[in-house]
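The same chain A turns up in both complexes below, where it pairs with chain B and then with chain C.
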Partner chain A sequence: MSAPVYIVGLGVISGIGNNVAEHLASFEQAKAGMGDITTLNTIHKRQLPVAEVKLSNEQLVATTGLPERSSRTALLSYVAAREALDDAGIPNLNSLRVGFVSANTVGGMDKSEDFYVQFHADNNKGKLRNIFDHECGSMTEIVADQLGIGDFITTVSTACSSSANSIFYGARLIRNDMLDVVVAGGVDSLTKLTLNGFNTLMILDKEFCKPFDENRAGLNLGEGAGYVVMVSDKVRSMLAKQPYCVISGYNNSNDAYHQTASSPDGTGSYMAMKGALDKAGLQPSDIDYINLHGTGTLNNDSAEGTAIKRLFDPEYPPVSSTKSFTGHTLGASGGVEAVFSVLAIKNQIIYPNLRFETQMSELPFKPETRFMKNQHIKHVMSNSFGFGGNCTSLIFSAV
Partner chain B sequence: MDERHFTTLSAEKYITSSCAISKGVVLKDGERLFENDGANAAAFMVSVYQHFQVSYPKFYKMDNLGKLGLLTSEILLKNSFNKEQYQPEKVGLVLANKNSSLDDDIKYWDSVKDIASPSLFVYTLPNIVIGEICIRNGFKGEHAFYIQQNFDADFIANQVNYLVDNDILDACICGWADFLEQEYKAVFFLVEKKTNGSSVVFSSGNMNNVFNK
Partner chain C sequence: MKVFIRSAACISAQKTFKNDGFLDDITEYVGTRLTIIEPDYKEYFDPKAVRRMSPVVKRGVAAALECLKQADVKMPGAIVTGTAFGCMTDTVTFMNRLVDDNEEMLPPTAFIQSTHNTVAAQVALSLQCHAYNNTFVHKGISFESALLDGVMLLKEQETKNVLVGGTEEMVDVSFKVLTRLGLFKRWPISNLELFKTESKGTIGGEGCAFFLLNDEPSADNLAELTAIKVLYQPQNIAESISSFLADNGLNPADVDLVITGKNGDIKNDAIYQPLISDLFIHSAIANYKHLCGEYPVSSSFALWLAANILKRCEVPEVVYERDSPVDIQKTVLIYNHYQGKYHSLMLVSAI
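Moving on to the complex of A and B:
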């Protein structure tokens, strides 16, 4: 039996709230975060709904104390990572080996886009400081500095499974006694790059998305950040509070099928879920809730659903896609949804899958549509499947 | 021969196969196997596919760089490589080129003026060609794609030596694959830790000999 990895802190920001408490309230009130584009300067305003964080860059700068020129990616990351670390309340953090493993896919692209518009018009124009922090790794370094974490810092970027992989990696760092504390998760902010890219792929729903519905028409993009604080058994014993849960299983598998599509039978998704169960030493029937990847695209939900059918049939746990609230926060989604998965165990709740109407014809199950309290939730599976066939499943288990 | 002195501490590596496709000609291990100099670049790719009776319908969905890389790897490996001898995780690729995915990027950008094409968009990265070759053959080892002004055999040799000497790979396909409008050139080398009838020692000099032929 390998050493347990405890989750002791949570932090999240998305289109439905700026912290954990606001998220729980939005879930209970069935309040989705999508709406017209307000902060992003794009020709798609009023055409494509997105789930923006309801804070301007100016407000985020004021909250975080980061410089005015900061990328929105770094700003969102810091808000959620700070909340997670404060929530953990680990005494004498400086005496421990602490790591920050943060994922993102856009880096400082929002600022690069500002630069490019000016530079494209006139090659002598454009502020170079706007592209200085273009790279994904810059976001992690800026936030680690502000958090005061310096023992170990790394950035994961594997499309929409990025944050799940950073949690996976962080858990291994603790399990192998390389670190005592890891803040792991990820962030992405909305940019023209991602909006135009997903629009090109023709997988954006012009209405609010309907994950796992027969008549789903695509995803809505979102933005946000989500982090968990993981600690070793030694650190847990120093804490006054009880841990929320352990991370008991994880697996990353690849479809090797297509650049941007899952294989029709969800081979990668199946292998990731099966591998995570094996790692945790659990049976499918042990899972009490699946937080779906559930983007709302024809391809994802069909592949993911087929894989779930293959693994779980004939007994299905409750499932739902919280992307029906937050939109698809891309590189942040694994971290955001890991926070939701841990909260499901902590508060014994299941989240509704909004706007669901018609069961998918090829699936014998449908998502939960009500906010359910007083549930018996011991083991939660969280799915994050990315472009390039990069599929990750995490399992969180009550202590 | 002199290369041996520099590799005494690590496993000997050999180029057990090579394939070059450029200017309407296909060479395998230096031998001219096919020629069709009348065709434009895109038509030439299809003629190579047909001549070598490659059976992989996904070929037709690929961008030109993907087609070029796939065909070069098919001819490189055919009758020269026994993948059953290797773990999928121990076969990898190290490729480079000059023009990245520009051939497809330009076509994609043209499409944006009307309706942005998803099928062109998904090839607007140079390393997709590596993915296509890995999917085709079930390779799961380390891989990397570099963008360089010219074929830098020393650089490629360093990368491959590192991967093989550190036991990260047992076999590696390395070389060059570049495609821009009517100009294309691919030269692939199969590197293994064993000899065969036509093998030469893996070295930058021996790669340059084939590349510059």
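Moving on to the complex of A and C:
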């Protein structure tokens, strides 16, 4: 059961880039993706910053070849999944058992919102083509069809930990010898539903977010997609390229405290990190970098920080929240940040936590604020925690 | 290692929940939509809390708690659910406010409860269960994806038991949209006549069913979940089914009873017909969607049905399409497909 699962392909799109290379450049230049809202027709324009992907739906349609009516969720998903699969460069893919395990929270809600305005006024109105692909699973299906993957496809939705769980599930499908290759990760696009929903919770920062800062004031929403390609040992031996790393640890634990808030001591976060270390057979001191969940809300950063303190004290690895660049991409964040975690190992780098000024009074550690090259990065932990107490940690390890 | 169904609890359009009978007092519906026979929730929740809970949340959590009670398990080793549409009541409530009030002064409650993982999260919260917790949202194989996760967790020896459920609610908005998309029949029909008229469309339904899976043989188990497989757009379903059975050391003739996903739509049901008259010519045939309606996780109703058939050594008359040549069924195959794209096979055996 403990057969290694290798990561051999990466793809990502977010507010700071449309592919892996653009992301690395943005990180090095400390270029955040937040700005005014342009894609959504909302009263919150110019009030709440968001990190939009810098491509319009028309541009995404032109790039992907998907139909004009496509949901932005499917468009973003395809861009990143395609990049990941091309990057993996697996020969004779058709002769292998290949799966696509994606994740999202909004599905085709961007189109459903257009439909719903007319439908709500008159139930016989509203263009059906805008509601046809409403379901979360439709996004996965559209992209799987486009990628030519059909041996197994499914979709996970556990709020902000969704795509960490899809990667975890995908790795297990390989370990259980059900599949040879899995493209796994997730996507979410900005919608009025999520923007207004998070706004009612009063956890959106009106300025650019400041994760793990004493004076943090909430999160910025983002959008994007991130996927990894995982393969079995058998497939790895067929590849000309070296794998980037293995997925060595994973754990999913529930905070069981509140539907949306994290427990003050970060019980679920602690259990997820501890469980992932145990699964990987590692000690806290083995971790070389933690890619934080780090949303920038008072509640998350306090709970996550407290859990890290409990697990890592007194020796802390470098930590940072890349949400200070991408915003919180919700169901995509676990996938997007898994890609960043793998790149940290591949390129031996650590990402800066932007806009950090003041250390949190309750924590004995602070995030890394510089882009660090030539680091010794062997084991990276990636945290993803969500509504419903769903907490997942993944660990990636150099081969 | 064998996987067993220790207990099953199902809230549906029939009297399936906490009922000593077994589909012996059938509820007839005339229309194109079946509703739910709601249990008495007082046994599971504070009455004030029930009023704040959406239908799918209260049904889902009640079914989960009842399933655990029947299994005599206080704390499951994992909670996994499947739902295609998630929490529609709260999603619609929030959307209505968003449109009516032009994004101003919205209350957060509906948004908080609208995420797809709400049922699994609320089960964990009510049990204070910190274990593995996951939710799958993939159309007609949402439940099967969850079940597969549960089976893998047991095989990986991550835990001794797993609570797996399928939950779906049908709200007016979904029913109207799906009607406009042509899923349902154009005219009212009795659910008990569903298979007697050859026409397009089916009848809509909803429901919540939970199962406690474990790896311990016991006389108290309902059945063995021998195997599960999902197929996406299979080229030749008869070949796929034969090879699935062969993987489990069986021939089609070894299957005593096939439970099909016929839903009354001529195009949908045509896929089952050649199997019934050829591959499974020696097996008894049963259908279930006239009892619970069509919904993306309806196969969870079928699994509840199969587990009870095997435990009780009894097939309710109302499900038979073709009677059995043997007295007692020991091997049951559930074959369902969702809109022709997603096909699932669940092999369930007597313990």
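For the reader, a short list of remarks on this structure follows.
Heads up, the rule we're going with is that the second predicted complex is superposed on the first by the 394 of 399 C-alpha atoms of A that agree within 3 Å, B and C clash if a C-alpha of one lies under 4 Å from a C-alpha of the other, contacts with A are read in each partner's own complex, and residues count from 1 in each chain.
We adopt the following convention: contacts are C-beta pairs under 8 Å (C-beta built on N, C-alpha and C of every residue); 3 or more make two chains touch, one makes a residue touch a chain.
Every value quoted in this text rests on a predicted model; they were computed, and no experiment measured them.
After alignment on the shared chain A, the placement of chain B and chain C results in a clash. Legend: residue contacts after superposition of the two complexes on their common chain; A:Q259 is shown touching both chain B and chain C. In the superposition on chain A, A:L201 makes contact with both chain B and chain C. In the superposition on chain A, A:V319 contacts neither chain B nor chain C.
With both structures placed on the common chain, the touch criterion links A:L10 to neither chain B nor chain C. Chain A has more of its residues touched by C than by the other of chain B and chain C.
Of 153-161, 171-179, 207-215 or 333-341, the segment of chain C running into chain B after the two structures are fitted on chain A is 207-215. Chain A residues in contact with chain B (one complex) as well as with chain C (other complex) are 196-197, 199-201, 256-260, 388. Touching chain B in their complex are the following residues of chain A: 196-197, 199-202, 256-260, 388. Here chain A touches chain C in the complex through residues 1, 42-44, 105, 107, 113, 116-117, 119-120, 123-124, 128, 131-132, 135-138, 140-141, 144, 150-159, 165, 169, 172-173, 175-176, 192-193, 196-197, 199-201, 252-260, 267-268, 271, 386-390, going by the rule given at the top. By the touch criterion given at the top, residues 79, 84-86, 91, 94-96, 98-100, 102-104, 106-108, 111-118, 120-122, 124-125, 127-139, 141-142, 145, 149, 152, 155-157, 173, 176-177, 180-181, 230, 232-233, 341 of chain C touch chain A in their complex.
Of all residues in chain B, only 112, 116-118, 121-123, 125, 128, 131, 134-135, 138, 140 touch chain A in the complex they form.
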